[in-house]
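In the two assemblies presented below, subunit A is common to both, partnered first by subunit B and then by subunit C.
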Partner chain A sequence: MSERLPLWAWSAAGLILFFGLWQGAVSSGAVSSFVLPSPLEVLERMWKLMNQPFAGALLHEHLLSSFGRFMGGFLLAAVIGVPLGLMMGRFRLLEDIVTPLFEGYRYVAPLAWVPFAALWFGTGIGGPIMVIFTGAFAPCVINAYRGARLVDSYLIEAAQTHGASEFRVAREVLLPGALPSIVAGLRIAAGLGWQSLIGAELIVVSSGIGFVMVQGQSNLSPSTVMTAMAVIGLTGLLIDIGLRQIESRVRAKWEGR
Partner chain B sequence: MSEIVIDNVGKVFGEGGGRPFLAIDGVDLRVEDREVISVVGPSGCGKTTLMRMVAGLEHPTSGEVRVGGKRVTGPGPDRAVVFQQFALFPWKTVRENITFGMRSRGATKAERDAAVAHYLTLMKMEGTEDKYPHQLSGGMQQRVAIARSYATDPGVLLMDEPFGALDAQTRTIMQEELVRLTNDNPRTVMFITHSVEEAVYLADRVVVMARNPGRIREIIDVATTRKAEKWSEEPIDDVMEMPSFTHLRGQVWRLLREQMGSDI
Partner chain C sequence: MAEATTGRRPGVRFMSRSRLTGLLTVATVIALWFLLTSVTGLVGEFRFPSPPDFLAAFARLASTGYAGGTLLEQALQSLRLVAIGFAAAIAVGVPLGFVMGYDRRAEAFFNPIFLVLRPIPPLAWIPLAIVWLGLGDASKVLVIFVAAFVPSVINTYTGVRNVQRTLIEAALVHGAGQGRLIREVYLPDAAPMIFTGLRLSLQASWTTLVAAELVGAFLGMGRVLSTAYRDINTAMILVSMVCIAVLGAITMMILARVERSVIRWRKT
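Presenting the complex of A and B:
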């Protein structure tokens, strides 16, 4: 017992066990591969989708169009949400005006916006972007707001008594002061935005990973559905890892200041 | 001209919600252009509140403050504040901190570079321009905060116990530096301190405050004595042993000590 396995070894063992049991269950015939495609089938299907157009495009082209929509909605949420949150943290009046509306909006699931998103912005790029936006917006606002509230009021006053305009206070004091909190919020926003996007694609668009899933379902191809799910999960994971890197870098840089 | 006129100013905290508290009551004070005044008084007598009203960070509930003939309605770079907490921007370098106020008034890069070099040399901090505040000692941080306010070139400099956090040695250096800075480049200064020695050493006049409610107890003239006794030509330690100095210090002390139950 003295030799302890490193953590990654446990994670790897867990994954191998999980996929092994899964593969075993299907290969042995205990579970029909039509109900649950095996991991190997999924890998095979993935390879095929990457080389043969499905639902009008190759798998990575679908992924790229999903990712483009995601970035559009996510960046829009950040660009509007972060300044709004900072201003709410700075001005009590704005906070009082926005909070009740915001609290109500927060509890409406992003998918509930799909009909209006399609109605207002169409099913091309505008509608899906709006759905991601509604998913990603709240954490951008909330974390920027919390971060701004935590900025030492003396720093704001120091900026003011040295002639800073409101714009400079926001850009040079509130934004950097709230940055660790903002970046943490962006990570949450990205996760929610990515989830909302797939939901939206299931309903409206005619390309993207969500669309691949819908098509897989209507073609009675569970391995296609499962492949799309794997791609969604992996991409979400990669987005999160990327933002986590940024987050820890910001934290390290801000540490002890 | 940057004279400060505090005209029958009162300040009540917690009006409209909570129990109203009279922090400042009927304060009248005129600080002449380029005059240095220090403010002493027991803690809670409203020194910070008075200074914040001059800075425009707090609004009088009665009376008004005028600086250079204009009524104060908010903060501005004509009244730079050196805060007790230093309040340096942690994510900005020494250079960026010092030039923060200069950028507000549109100073060129050349002017800013010159100012950074000037103040860092003056404060014996050469080579620190690209360091961040957390990499500096408390004394150095305070010097940067003072340089930031000086470089802003305000008509009025407001300082709230700026040397309070420093060890005795650094404090002495900073006091001498402040005297030199105000000699080289005179401006109106309002300097709050807990230290009677510091108050007498630095100021043209010492304003002694009393509390409950916060008000001015007495104003003691120092400038006449300083000029007559040529304090500025002596090192600080020698000045503080001169009879002219100890006499004034005793006078301020008595005014403070007679305030019952005060914790100075």
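Presenting the complex of A and C:
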């Protein structure tokens, strides 16, 4: 390939054009900053929200309460979903029982659970955790199930002939064999869970980063809304990078054994 | 889990064992539902509706309507918004993804912009869309567009990127022009991946629409859901959840049918 410009120059051009057009449109007055705040205004707003309480708390405090909810729902989905998926891969009967219910549940958008979640567990902590759970649950189950199906049945039989209990089979054969698939599922689950949390906070909650957006929206402050969007995107990215690290570590270990 | 059934086909028997177990499960769940609500009253109507309440709510939504419209009107409103947003997203997203996969300069140009925008969940665009466009149809179409756009770009891009080099070189050796190369090598080879992207896009469209309508809407299935929530009408909450799921399933089936006909067509 003998392009006149190196590829990184195209990348830089893309980013410069994107942010340049954005900043330029506002600075030149073509677009009112009441409609679209410039990137610099968003950064300024972010700094202000970190030092001045908005909607009852500082920006990072809101983020922390969102993150706590997220971890609650995500861990719950993993702790219930992964064993269920593994057992479904191991026992045909369980698979046959769960599959029709699971298929029905999968078609219900996670956010459609918000009303029941709020009625059953309140709008404080329990309700949002249930919404995150419904978002994150499916990939946990599906990937654990697929992983368990990939485990060679000879391995299971070998363990059993050596007198391993069902629990030991699960812990020492099924789980390690399915691990790469499980971790990949957890990554998908985290993405969906984080997104569901934002949705839940938009609708019912009175704190958290999603609530900051709602307040920004009703105050007609796009810069607040966009600040929250940036923070949400960044946090989601960091969660994904963290899980990707774990994934590649697990994969390396798994393939190296 | 469709894949699960392959490898142990029931053959010509009327009903396989797993089918039967599945039916039994569903029957048991319905019986339990009856038992806990109508018969014993262990679960009150403000927690979960009983089956008769559920049917009554469905009949009411279908005939006289609820939250400003009958089932047909509400469902058509939601379907229309999904259709517009989804169609607009793939009309822009698939060509963009194609160009990114086809040309390395386009890839280098657009990819960083994507890396910046992609981590923002589609639902996080809802408040901005409302500030910009209000609570009407336009803001919903915008968020559906954003939600459906990303998967269609990414998957088309990946599909085109992974077209086998040997195929491309073989076509070039035989003197295929750029037009024929795209039509007869790139598009057919990338089609399965493109359709995977479309499925994800469609799913994202529904999730986002429900969220956007819950946040605020004048009509639509999400509006039914949020009105039922405000009235603490659990029967209507369940009815709207089921209707949303069924609508989503129907559109998925249509897409699967389109996929089958397209892929069959390219093989002949």
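In this text, the second predicted complex is superposed on the first by the 241 of 257 C-alpha atoms of A that agree within 3 Å, B and C clash if a C-alpha of one lies under 4 Å from a C-alpha of the other, contacts with A are read in each partner's own complex, and residues count from 1 in each chain.
Note that contacts are C-beta pairs under 8 Å (C-beta built on N, C-alpha and C of every residue); 3 or more make two chains touch, one makes a residue touch a chain.
This one's a predicted model, so the numbers in the text were calculated from it and none came from an experiment.
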item: Subunit B versus subunit C as contact partner of A:A118, first or second or both or neither; value: second
item: Per-residue contact with subunit A, leading partner among subunit C and subunit B; value: C
item: First, second, both or neither for A:T161, with subunit B first and subunit C second; value: first
item: Partner chain(s) touched by A:V173 [first = subunit B, second = subunit C, both, neither]; value: first
item: Which of subunit B and subunit C A:I198 touches, first, second, both or neither; value: second
item: Which of subunit B and subunit C A:W254 touches, first, second, both or neither; value: first
item: Partner chain(s) touched by A:R4 [first = subunit B, second = subunit C, both, neither]; value: neither
item: Doubly contacted residues of subunit A, that is, touched by subunit B and again by subunit C; value: none
item: List of subunit B residues in touch with subunit A within their complex; value: 55-57, 74-77, 79-81, 83, 85, 87-92, 100-101, 104-105, 132-134, 148-149, 152, 158
item: Residue numbers on subunit A that touch subunit B, as the complex places them; value: 152, 154-155, 157-165, 168, 172-173, 176-177, 179, 254, 256-257
item: Residues on subunit C engaged by subunit A in the complex (per definition of touch); value: 1, 3-4, 17-18, 21-23, 25-26, 29, 46-48, 104-105, 108-113, 116-117, 119-128, 130-132, 206-207, 210-211, 214-215, 225-226, 228-229, 232, 234, 237, 240-241, 244-246, 248-249
item: Subunit C contact footprint on subunit A (complex, rising order); value: 1, 3, 5, 7-8, 10-11, 13-15, 18, 35, 92-93, 95-104, 107-116, 118-120, 142, 145-146, 149, 191, 194-196, 198-199, 202-203, 210, 213-214, 216-217, 220, 222, 225-226, 228-230, 232-234, 236-237, 240
